[in-house]
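The following blocks contain the structures, represented as structure tokens.
Okay, so chain A shows up in both of these, paired with chain B first and chain C after.
Entry: the complex of A and B
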């Protein structure tokens, strides 16, 4: 009964283990992994005073600063949009869903236009109010500036990760606290927040891991110049050196930085799993027969709306304004009367051709569709083993499935690229290099940790009775999975599919590294345009990209059930009691 | 509940087994080219006959047999150029082969190309383009293959060479001879925002970039091409002293970013000036003639950056790749890409090429290329040595202020 899901689980986990082993192995060989020899040179080269005095401290500030900013916005947002009667919740949630699709470099550019000592709109406004020549306030060349921009972007994932648990809290606990005389805020602080602590911690760890792995935003804001070096920029420059003549991969150094980046993430992962383990012992969140209680905000509703609007203005409004502005300008200039006269739709002419034509669109659709299906399939298989079986290795499987999130995506992409090159030499019958398949493998490995979290949660909510009835009727496990369990967790599956598709749509780092003449995708085309100096066309492409994803997000929300509040939570809710009993 | 169970028990004979189809089709995702021919290990593309026409005919026949070409173009070129270039190339040689052209950032791809060569794997691209330093890296790593009889073939393909207006060694010489063919060039200079800084306030020499008055006012790229030609630019040159100059300039710079992005941010007003190629000024002014941007040469030296096509070692379609590399040196190809890219061809005859040469002459700027003379060629060769590579590594780090 457990053989099929177990086999598929180990199939994927073997790939993950092999990639991790490859990254680690690279750190001990002098050159290419096929060449003989053993060295510790890569470790000793990397271990410099700069690493200790600036790279690691900067990375820590960026990681923890991002958590702080993200939590500052995400926690109130999650509560307001999931547990209160705030107006326009569906629309607000849908707009938050667009945040991950906006290219990070656009948001960073937007903040440079806002906060820069020389050109910043806010700086200039402040300077004229204060009657001083300039205001020394900038997002550049400071780890705090990087953390601010990353925090705004990563608020959305925290919001969605907390939304589910918030929705699933049994309201009787809060009601009991209220009856005991606790005030609203005390209930929130003493009852609600502790109950969703695993969710909050999970969201924070996810944020930390993501923040320290992102390259392009720190690069724009100071890492590329060496002023604010972070681990992600160090690994990036190891595998993409700046000097062309020295253009050889620092194979080992890339592995060392990847390993270093994994250490805090693994530590955080260990803490997360410990909290989850403890949470199971006093689990009070049941899956049956209740509806979460909504707090009536009364006259304070407008304060809540203002807070949501403030976040949306900073994280969505500003970058979309910059995107649209850049897409309408022949050459990006600061807003002015003179610049207004130059606005045109020139960058939208022949946009499809500039993005690579229908081939690129088709490749993108294929990657989005296939990665979603593969992530759902493998996450379901792994979660089935973890949640539904008594296999002794299930806890190990669960941990291994989470492991890729602790490793920077660039390290995986680098390992895959190397494996593809070696495969084209030694296993020519295994075409990996330059295929869509290799991009899909990278995405699959990268998304499975999140997929298994959603699936674990969803499967945990479906009672065993349902499968037992089907078994009694003589139904086999694969049929039970397909015809009983999957329909019951359909909203979760749809949510996971859409979220995965959106992340695949906008992912650029891995795709960039693995792209060849035949497997280019839209995000790589847009990045290529930006990198090559066609900012206007890149912005026009990004506007199209954000628009498509916005429409898709609204459509999915409609499909999932109107309100998007706590999609995960909704996705994992059990059917009404009348059907399950 | 019972409804679900009834559904489960329903006979499945009428249902399409789509899952099976999906799994059967999954391997096709790993196919890059359904019509690809088996990998050929042919190395040298040699025309057997010394006569130009015969040599070319033989090469074209081989290209037809290969049936395909995978080539790169500059990452900054418009994708709109791909079809006209492909059509003109096919027409010139009467080819009816599948051609894939991709915008590729050489700095990003060349490490992959070198890794492919080291691993003995076939090349992703048959023919690739890159500037002096980039090309030196792949030629040095034996990631390019020799084109035998290239001068005869070039004379047959390029009318400027055939007519004697351009000597073949202007297109392939020095350490690149037989391997790489120049098809365009640019000069590294200062591009500045006319609203942020006046021409007279700009630094005159590279050393001036260390002046505290320029701190935080300029951007430079992470690559070494603005600094690496210096050893031949000065009579007295001390490598360590120069490294210190680069380091101080690196610490003085506001950002270390790609040239195109830096120039955009110069237009935005974020930086007063940037070290970049001459073509960006032309490109920005072509898009917006009123953009506040202008360029100036340094007084001490300005590097001439030439761009070459090279046929890759273990290329799958070496004959087609050779034809492409040689054809891209012609005025026919130039007419297609130059109007939008606005880079000059050093031996070219277009208005832009003449303006490019006259501009340098008129300004009396000291422009130095790696293939100018024996001294510069020696320097380029030195950069291939272990000592040279280490020096370049140190330069790259110094640019970031390390």
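Entry: the complex of A and C
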């Protein structure tokens, strides 16, 4: 009865394991995977001064700096929007829910146009106010700049990770503290904070894992020019030379970097799961229908509103504004009367051709559709085995399905690219190298951890007797899945489909890494325009992309019925591993 | 009709292996309502799920209607959907995304007992009539009351006319009054359909009212099988006696064996008790004697002289409507008894209690 879902689970999981094994294998091969030989050279090169003096410190600064910036915004935001009577709370929360939908590299482009010694609008404004030729402040070419932009982007996931537990604290715990004579701030510090501490810690660890494995933002902000190399960018440029430092292929080195990146991430994942496990001991934080206590901000409400508005301006408002502005300007310049005269839709004319024509649109739609179907199918099969059967290996399967979350997406893309090279040599009929298929596999592997989390909790909510009675009634597993279980978890399936499609739409790292002449998607095209220096057209493309996202978001809100913003926000974070029977 | 031989089932938990069912044997005859009764965790539900095929036993044989559905440690195994049994679950397991009609029609539409479209409507109607739910066809399942959901679940289990019906605590989620009504109705329905049923419950009253035969399970084993009256009147062990109804259990030492049709005598903490003793016992042997609270005779002071009469104090008198449930203390020992509601008893009041020899039952 369990054979079909089990077979599909192991099919995908063995692909994941094979890809990981391949990354390790590549570190011992002298050159291309097709060439024979064995070498330890790549590993001994790890001790190279460049790696130790710049790459690893930069990666660390990016990781911890992001945590710092993210926590700086997310902690007050979580408290203000969940536990106070701040005006406009629901609207603010909804907007923060939409932030993760905007592609990060587009926000990074916006920030370059805002804060750059040469072209930055803020720099120019400051310089003209102060009367100096230039202001030496830039998000580019500094790991702190990368951390700043990443921190702003990753604030939303931390916000939702902390917000959940913060809302669900049993108010009587805090009331008890108040009654026993504690002052308001003391309660916050002594009772509330310790209770949500696991949530905060989990959020920080998750932020670290995400920050160190993102490629596109460091690349835009200085890794591409070789000034701020981080591990993620090293992998990329080892295999896709074009960056200024690495002009040759270095597959082995890429494997080593991938491993170096995976090890701390795996450690972080382990810690994250431990923290979550610990959080379960605070069983007072349950999903019961508590109404948490709200702090009356009183006359200070405007300070809170100002803080939220400041964050939204920095994270979304300013970068998007500058992109819209840039897309309407022939050359980026300060807003002025003279500049307003030059406003035109010039950059939007022929945008479709610039982006690569209808092929690119079709590719993007195809990737979005297929990836969400694949993710749903495999997540459902894996979660079925994990939640619905007593197969002895189900715990292992659950752990393995989480694995891709800890491994940077770039490492999987790398392994897939290598396998594609092998395949083109030995199995020429297999359409891998440079096809949409390889991008889809990469996305599938990358999204399965989240997909299985959603499916695990959805299936866990379907009482096992609902399925058992269908068996007794004389129907077999495939019919039961189709007629009983899938209809019951339909909301989760729809949500997962839409969210996966949106993430596929904005994903650039893997699509770029695996791109060839015929499998370009929208995000890769915009990236290409930016790299080629056509800022105006790239900005126009970015604005178009954000608009499409906005329309999609709106459609989802209509479809799911309003409460989707919270879901979308949480979608960026990993929900806890579900309890297995 | 159903035959279970030497059934074994272990569950592995984080604490280690837990033997849920340890060598269960029984046979259910055609048309019989067979009850598996026991406290929670005694293995009764596991046994039922093994018969349905929802659990795979570790060892033993299960035969349904002369077909071997499990044997040889799973080398012979019939999957659930081919066993053709009907089952009613504790949670009713009504599919919330379907209407009443769709719920009941499901087995006929998609199961291995598929029938033609026209017949589906006819048979669903028939099943719904059977359980008294006419006119509810298009009602969404979540909008039904507990009792109605129970009926839908029964209709769905009966619609494909299974020979065997398995019921897993079907009435435990209903309120007390409805439960009492449903007991009678359920028994009448099953008898009318002449269906063979295995019924799992922890409610002894349900077992006594509903069943033809009862198997009392404890710690994964069947302790006694018999008619409800047999089990109540002559339980074979303290576990069975304690689970079915209330019981006073006393350790006793055989003092004198019965001679010439006279009663024998045993010594207990209460003192000497006259009672019927089986001839197989010998003097000095330790046995357990049992008598029911309702068989204890309560009288006023001064005490009448005679056998098995004691002076006791009322420790507790609980009014439960039809009678008082009392606890008496006698030589620092507690005895359960019952007093009719017309009699007035007060805490601390001294009374005379008599335990007639014929109500004392020796457990072997």
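Throughout what follows, the second predicted complex is superposed on the first by the 362 of 581 C-alpha atoms of A that agree within 3 Å, B and C clash if a C-alpha of one lies under 4 Å from a C-alpha of the other, contacts with A are read in each partner's own complex, and residues count from 1 in each chain.
The criterion applied here is as follows: contacts are C-beta pairs under 8 Å (C-beta built on N, C-alpha and C of every residue); 3 or more make two chains touch, one makes a residue touch a chain.
Please read all numbers here as calculations on a predicted model, not as lab measurements.
By the touch criterion defined above, A:31 lies against chain B but remains apart from chain C after alignment on the C-alpha atoms of chain A. Look at A:354: by the touch rule set out above, it reaches chain B but stays clear of chain C. Shared-chain residue A:463: touches chain C; no touch with chain B. In the superposition on chain A, contact of A:471 is made with chain C only, not with chain B.
Between chain B and chain C, it is B that contacts the larger number of residues in chain A.
In the superposed model, A:337 lies in contact with neither chain B nor chain C.
In the superposition on chain A, the residues of chain A contacted by chain B and by chain C overlap at 466, 469-470, 473, 475, 479, 483-484, 487.
Touching chain A in their complex are the following residues of chain B: 1, 4-5, 7-9, 22, 26, 29-33, 39, 70, 74-80, 100-103, 105-108, 110-112, 114-116, 118-122, 124-125, 130-131, 133-134, 136-137, 141, 196, 221-225, 228, 250, 253-258, 260-261, 263-265, 267-270, 280, 283-284, 287-288, 290-291, 383, 388-389, 392-393, 395-396, 399-402.
Across the complex, chain A is touched by residues 52-54, 79-87, 89-91, 93, 95-97, 106-107, 110-113, 153, 156-157, 160, 166 of chain C. Chain A makes touch with chain B in their complex at residues 31-32, 34-35, 50, 112-113, 116, 118-119, 140, 219-220, 222, 224-227, 237, 239-249, 330-334, 338, 342, 350, 353-357, 366, 370, 373, 417-418, 421-422, 424-425, 428, 430-438, 440, 466, 469-470, 473, 475, 479-480, 483-484, 487, 512, 516-520, 528, 530-536, 579-580.
Chain contact summary for the complex, chain A toward chain C: residues 1, 463, 465-466, 468-476, 479, 483-484, 487-488, 490.
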